[in-house]
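Each structure below appears as structure tokens.
In the two assemblies presented below, subunit A is common to both, partnered first by subunit B and then by subunit C.
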Partner chain A sequence: MRAWFLATALVTGLLTNAQAQTPKQGGTLDYMIAADGGPSLDGHKETTYAVLHATAPFYSNLIRVNPENPSSTTDFICDLCTEMPTPTNGGLTYTFKIRKGVKFHDGSPLTAHDIAVSWNRIVFPPAGVSSAREASYPMVDSIEAPDDTTVVFKLKFPTLSFMPALADPWSYIYSAKVLEKDQHFYERNIMGSGPFKFAGQEIGQAMHGVRNPDYYHSGQPHLDGFNAIFAPKQQTRVDAMRADRAALEFRGMSPTARDQLVKELGDQVTVQESDWNCGNVFTPNHKRKPFDDVRVRRALFMAVDQWKGAEALRKIAIVRTVGGIVYPGSPFAATKDELSTFPGYATDMEKSRAEARRLLKEAGAEGLTVEMLNRNVDQPYIIVGTWLVDEFRKIGVTVTQNIVPTGPWLDKMRTGDFALAMEANCQMVVNPIADSGRYLPHDIYKENFAYHDDPVQVDIYNKMVRETDPAKARVLMRAYEKQILDIGAHQLPTLWFYRVVPMRSYVKGWKIGNSHYLNQNLANIWLDR
Partner chain B sequence: MYQYIIKRVLLTIPTLFGAAALVFLLMRLIPGDICLVRLGGGGASFDPKALIACHAEIGVDRPMIVQFLDFIWGICRFDFGTSMWSGKPVSTEILARLPISLEIALLATSVAVSIAIPLGAISALKQNTWIDVFVRIFAIGGIATPSFWLGIVSVLLVLDITGWATGTPWMPPIDYVPIWKDPIRNLEMAILPAITVGYRYAAVSMRMTRSAMLEVMREDYIRTARAKGLINKIIINRHALKNALLPVVTLIGIEFAFLIGGLVVTEQVFNLNGVGRLFVQAVQNQDYTLTQALVMLTVAIFVFTNLVVDLLYGWLDPRIRFA
Partner chain C sequence: MSATVIDDAPLPQRSFWQSTLRFCKRQPLGTFGLILVIIMAVTGFTAEWIAPYNPTANDFAAMTEPPSFAHLLGTDQFGRDLMSRIIYGARTALIVGLSSAVVGGFSGLVIGVASAYFGGLTDLIIQRVSDIVMAFPLIIMALAVVSIFGPGVHNVILAITIPLIPRCSRVVRSSALTIRSMPYVDAARACGFGHTRIILRHMVPNVVAPFLIMVTSFVGQAILAEASLSYLGLGVQEPVPAWGLMLQGGAEEYASTAPWIAIFPGVAIMLAVLGINLFGDALRDALDPKLRER
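Our next item is the complex of A and B:
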């Protein structure tokens, strides 16, 4: 442990030093992707980071999270546009001016038309095309390119959630000409305008890229190329880093793997860490007795000591921070004082659990025995699930875990075939208003499996999504959160995930973000060796 | 002989058809589907419309019987369709993984055969001596040690020893390069898994060789050969070993077929992009087309290997050929 503290201190020093250093050009970065080979190569269609980590270096976006400040929840900058627009027409129109002289890797020019066609494919997918994030843009009315250097987004209503949604890292800009011929071309092929050109792949094993000499961000990329190697087993990744077969993996490792690498490699490894815009959500099925009774749901929440749990679990699992429904680093997030008034966030656990037992007795649910559906993923689903089981035991509720693979886990939740479940909540760019939409009732948000009704909650959300004053939106967020966690006791967000990325010390320029989907185009990475 | 081969080949048809029907039904009994895994596996939000589009795109929204007939018609044409997960032809997916699996299977078999047959025979010939005891301990160790555990330990040992000796830890490469592109790098990657898998394989074959040799050495015809004054080398090589190898060949055949698609954990330990790992991915992702094709491939490999073993029987024992 002492070694880890030393290394962390070293990291801080090295990071400061790296910021002052001039990037060196050249070299090939070998990195790992903690997955088996992904599905198709189409970023508009897919959702797994296995695809994004392998393909993001080949593509450009309209705007993006600032790669120099990816932990910020509000710092968005242009990628293909020339300056961030000021909304006009009462917040309903966003006009982007587009860089001139940008080329696709086949040498054809990239214009505003390509951007409009790509975005229309995401927001209004044509027949036969599936867009995984179509639902993220309910505010968009139209996307047009009146000329080669202008793209205009017109909204149905003004909202604070539009710009973060636009910085979605999956929104690759494709060639309009290619899409015109074949809407499925990008599922099997790569042809973008990003910092690296496609140099081949070994199916299910590796993806290779070489420097794009025509890249439009001056001086970038610094690397000559990269090899992305799929390595699903954590021990293999740790061993590979020890032997320098690969420099890092971007998603994140467990605290124990970090400690092992720091112990083995000393100053040859640096570690970057961050809160992660991901978490598990404990969900009682409101259609199942006795969880149709708010007293029982509240009692379960009140049994959980999140503050103490955070201290213990952070040592073994990729979780760390106690938070409400909003990512803890966001200005919209609840403070500790605000949270501690809700069930599941109490600081006096003796009192909280006594009240929980009283509620169970009152509801006639004493000595309750029930099964909790969970996913067969160790980090952190099973670890967090096991912790919850123990917390519930403290109020006399016996919970056993039904741990199943991803397919059956999703299927059981979608068909309502469960009493309690551990849901996942992994988002990308921190977009508090849009992200918290996942707590809306199932009738509105189909991937919420609490199966509850709450017109008050829906009403507050509808007001919040149309509020353009951040301060007023924050007030509405608190009311919305209270409705979910306290009044309705619909669902309980458990500890937010924590991202730990150990890397070989010669890797410079990359900064960790609050999502493993962000800052993955590798343009700013350089090798100091 | 030709009639025998034709009969065996024709018998494979109902075997393959039965396996096809079974895997088709079993895959569809698992709750959930590939679109759910693809869209919801990451824990992020997805559009319900995307789920409907995904079902339509890969054809799982069609009636089950239509899907089954489509699958069977594809088998008849040797067309297994496209992987529902990657959108690539199933043949491309499998062919990308087959070389490494075949290479490991061949290397492991070579390791096993070159250890098992001589040691097994020596152990039998030197029954109850210290050599026999040593060989039996070696064999029991191989049977008792799971190859994945041996794999993990061997990688860690190599890392620690090279780190201690040279100051720079070394491990086999984690990405495969074909032998014709870079033979040294290829062997660096393949040799450790081949040894760890080959050891267990050798141990089983060694036990079999020993017991078969012991049995054969007590046969009347061996005594007759000795009585005729034949020298020991000829008795062992021509009369005893050849006959003792019958069950060993069967075992080697079954093990070889298993190695093509069964090295799931070993492939994960060494990050080998082989058929076994693809099999697990296909089942986990609920990729029906790919799983079906892999099952058919495995069945075909077993059927073919058994056929080869049966033909070898004929060579080893003429009585079988003429029967």
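Our next item is the complex of A and C:
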């Protein structure tokens, strides 16, 4: 009898556990986006999560990172393809077979032709079209669709960075027919084939989606719909979560916000944390005087005590790690010893700041007063910006901040209408060589706003991207990094972020990754309530 | 006979100090307000000498410290001394408050008097434009202006000044309309004086009393508007010490763990506006002949 009772209890427990893991259908997810809207709705053009978090649920991709393992650098699965391809022709050809029966939200069929046209728009944008990640695909020679179910990528040279770059969540598949009529349609409109259909938006305030009944992944999405609410202030987001007006915010909150929510909500809140392939970048506009002078740029970098700043700011902001241009923890990342030789990473700050003052004097820029463009997002832009302003004060440079919403912030950087800017380097799958392409000059990487020219830097990058020996590639990475941080003093990566995502415990099925761009189509999320 | 002697006797002349003493006796609340305004003004203008710390200097060894002997009002999340930031914040409030009130007030004065003096189509156009601007609450209008011109001290002053102009001009116009029909204005016209002279020499001095009261109340309104704009992230920007700005960001985030970050700037705003309003009310009573002898 006792044994039977135990066995029954065990089976009941297992069943209960299994039931707990079985996704429930239905419900509407209310989540927040820590921004006030993006400049456009075009994923190919934009670089801010303000756009991706609002639009990713509407679109499909060719491949994606496994949503069950989103921090992986190698675990990719098909979204629109049927099977992950094995490269042929010495690693130069990747042939994807495409699902049949997939439909765009307007009912038109999605074929390999749409995929090829979308990818060509990303890799080889036509005149007048801006592709933010064009520079991530120097290896791609051609993209073709020989028939309705086959897409072939041909490479110029074999490289390990191709597949991670292909899992780019921004690479929305657009309708070729729509693009043929208007290449800018997707900047203002949404029409995809993803798990949710567009159900309206209030610009800068909210985006709404409803379940796509024709979604091609069986059983998904679990939700009936979603409401994405733009809320740039962290305290607004905390209050919304506290009052259960929203379940979570996918990007991340500060440790203090996490502690506050855990303290107040107890087991009603669950927290997921991760290192983050994302950090702020301090960018002087090389086209503006006196920042056309490398001595002035170096001086500004030398004023910053990143090591001390990291220790303090990690308590109040979503930042944690001092790093160079490569995601800290990657084998390609610089060690502390390697970094400390660069301006902006000194450990003897008295000496570093004395040299900074000397450089300013030599360049005739003593007592410099300048404005720094920053984004109206408190975590961590305004906090890091405020910290930098005080660091610059220590070498006699007076910096004021011009803090503006995301749209104008990007517009000003894209038009070069700034002297100094606080921007960000946020990437997807950790792919050090491809990721560091964002430091290439503006002529090559359109979303680099330093507006500098550096043929040596470009030459090193081109060698590095073709290098298949990791040890040699690392050596080239160090030379590339030195060119950016030291010799050219083009840009200064400031602290790398640390991702803390508190969420209402009834939100299930979502796993944190080391990029806030990954795993955001909401198809696997369900509500346990 | 004796009555004639009394009528011809000169009015007793009071010195500035006598007048001030009389004001203080008759208007104790106004005096309290004046004291608060003077403290605020002195604090703002002597901030460099009296602030114990640099208001923008981070001190990571003293983040969110409660009030202590080292930091009398505590520190914020950057370790910045709150007392120093409040002292410098008084300067920001004064600059924005006074600039907006004075520029807005004087512009309103000139427009209001001119509108009343010229009358006709000029008056009609000015008043209808004023109606349009005044249809929007001050803060909404200021938000619109900041949205167009962007944040920053100068733009905030502009944003607050613009909605104050029609408010002042409307009040001044009503006083000026009465003065326009006075015989001495007709006499000035008959003498061939120009419009500018008649407006500035004969009309403006006679509307100064309501104008001064308006300007005083504008200072308080402007300080509140600046604090509101800064709180919304549209006013002055970090790390400029400003009371409204101090109430957003860290003040909200640390409201439960470090409440002093929110309390002290809030108290500063309250005292400043209270002081200006009390003083303004007392000034109105002192300048209004109907209320003066009550």
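Keep this in mind: the second predicted complex is superposed on the first by the 304 of 529 C-alpha atoms of A that agree within 3 Å, B and C clash if a C-alpha of one lies under 4 Å from a C-alpha of the other, contacts with A are read in each partner's own complex, and residues count from 1 in each chain.
What we mean here is this: contacts are C-beta pairs under 8 Å (C-beta built on N, C-alpha and C of every residue); 3 or more make two chains touch, one makes a residue touch a chain.
Since this is a predicted model, take the numbers as computed values, not measurements.
Student: Give one of first, second, both or neither to describe whether A:I316 is in contact with subunit B, with subunit C, with both, or with none.
Tutor: In the superposition, A:I316 touches subunit C alone.
Student: A:N402 contacts which: subunit B (first), subunit C (second), both, neither?
Tutor: Once the two structures are laid over each other on A, A:N402 reaches subunit C alone.
Student: Looking at the overlay, what does A:D378 touch: subunit B (first), subunit C (second), both, or neither?
Tutor: second
Student: State whether A:A363 touches subunit B only (first), subunit C only (second), both chains, or neither.
Tutor: Neither: A:A363 stays clear of subunit B and subunit C.
Student: First (subunit B), second (subunit C), both or neither: which does A:C78 touch?
Tutor: In the superposition, A:C78 touches no partner, neither subunit B nor subunit C.
Student: Now for A:Q235: first (subunit B), second (subunit C), both, or neither, which partner does it touch?
Tutor: The answer is both, since A:Q235 touches subunit B and subunit C.
Student: As a test of reading the superposition: which chain, subunit B or subunit C, is in touch with more residues of subunit A?
Tutor: B
Student: Have a look at where A:M191 lands relative to subunit B and subunit C in the superposition and call it first, second, both or neither.
Tutor: So A:M191 meets neither subunit B nor subunit C here.
Student: Counting contacts the way the document defines them, which residues of subunit A are shared by the two interfaces, the one with subunit B and the one with subunit C?
Tutor: Residues 233, 235 of subunit A touch both subunit B and subunit C.
Student: Taking the touch rule as given, give the residues of subunit C at its contact with subunit A in the complex, in rising order.
Tutor: Subunit C residues touching subunit A: 56-58, 60, 63, 77-79, 150-152, 233, 237-240, 248-250, 252-254, 256-257.
Student: Within their complex, state which residues of subunit A touch subunit C.
Tutor: Residues 233-235, 238, 254, 256-257, 260, 308-309, 311-312, 315-316, 376, 378, 382, 385-387, 389-390, 393, 400-404 of subunit A touch subunit C in their complex.
Student: Please give the residue numbers of subunit B that touch subunit A in the complex, ascending.
Tutor: Listed in rising order, the residues of subunit B that touch subunit A are 30-34, 36-50, 53-54, 56-57, 85-88, 92-93, 96-97, 152, 155-156, 159, 163, 168-171, 173-176, 268-271, 273, 277-278, 281, 284-286.
Student: Residues of subunit A touching subunit B in their complex?
Tutor: Within the complex, subunit A contacts subunit B at residues 32, 36-40, 45-49, 125, 128-136, 184, 187-188, 202-206, 227, 229-233, 235-236, 239-240, 242-246, 264, 278, 405-412, 414, 424-428, 437-438, 445-447.
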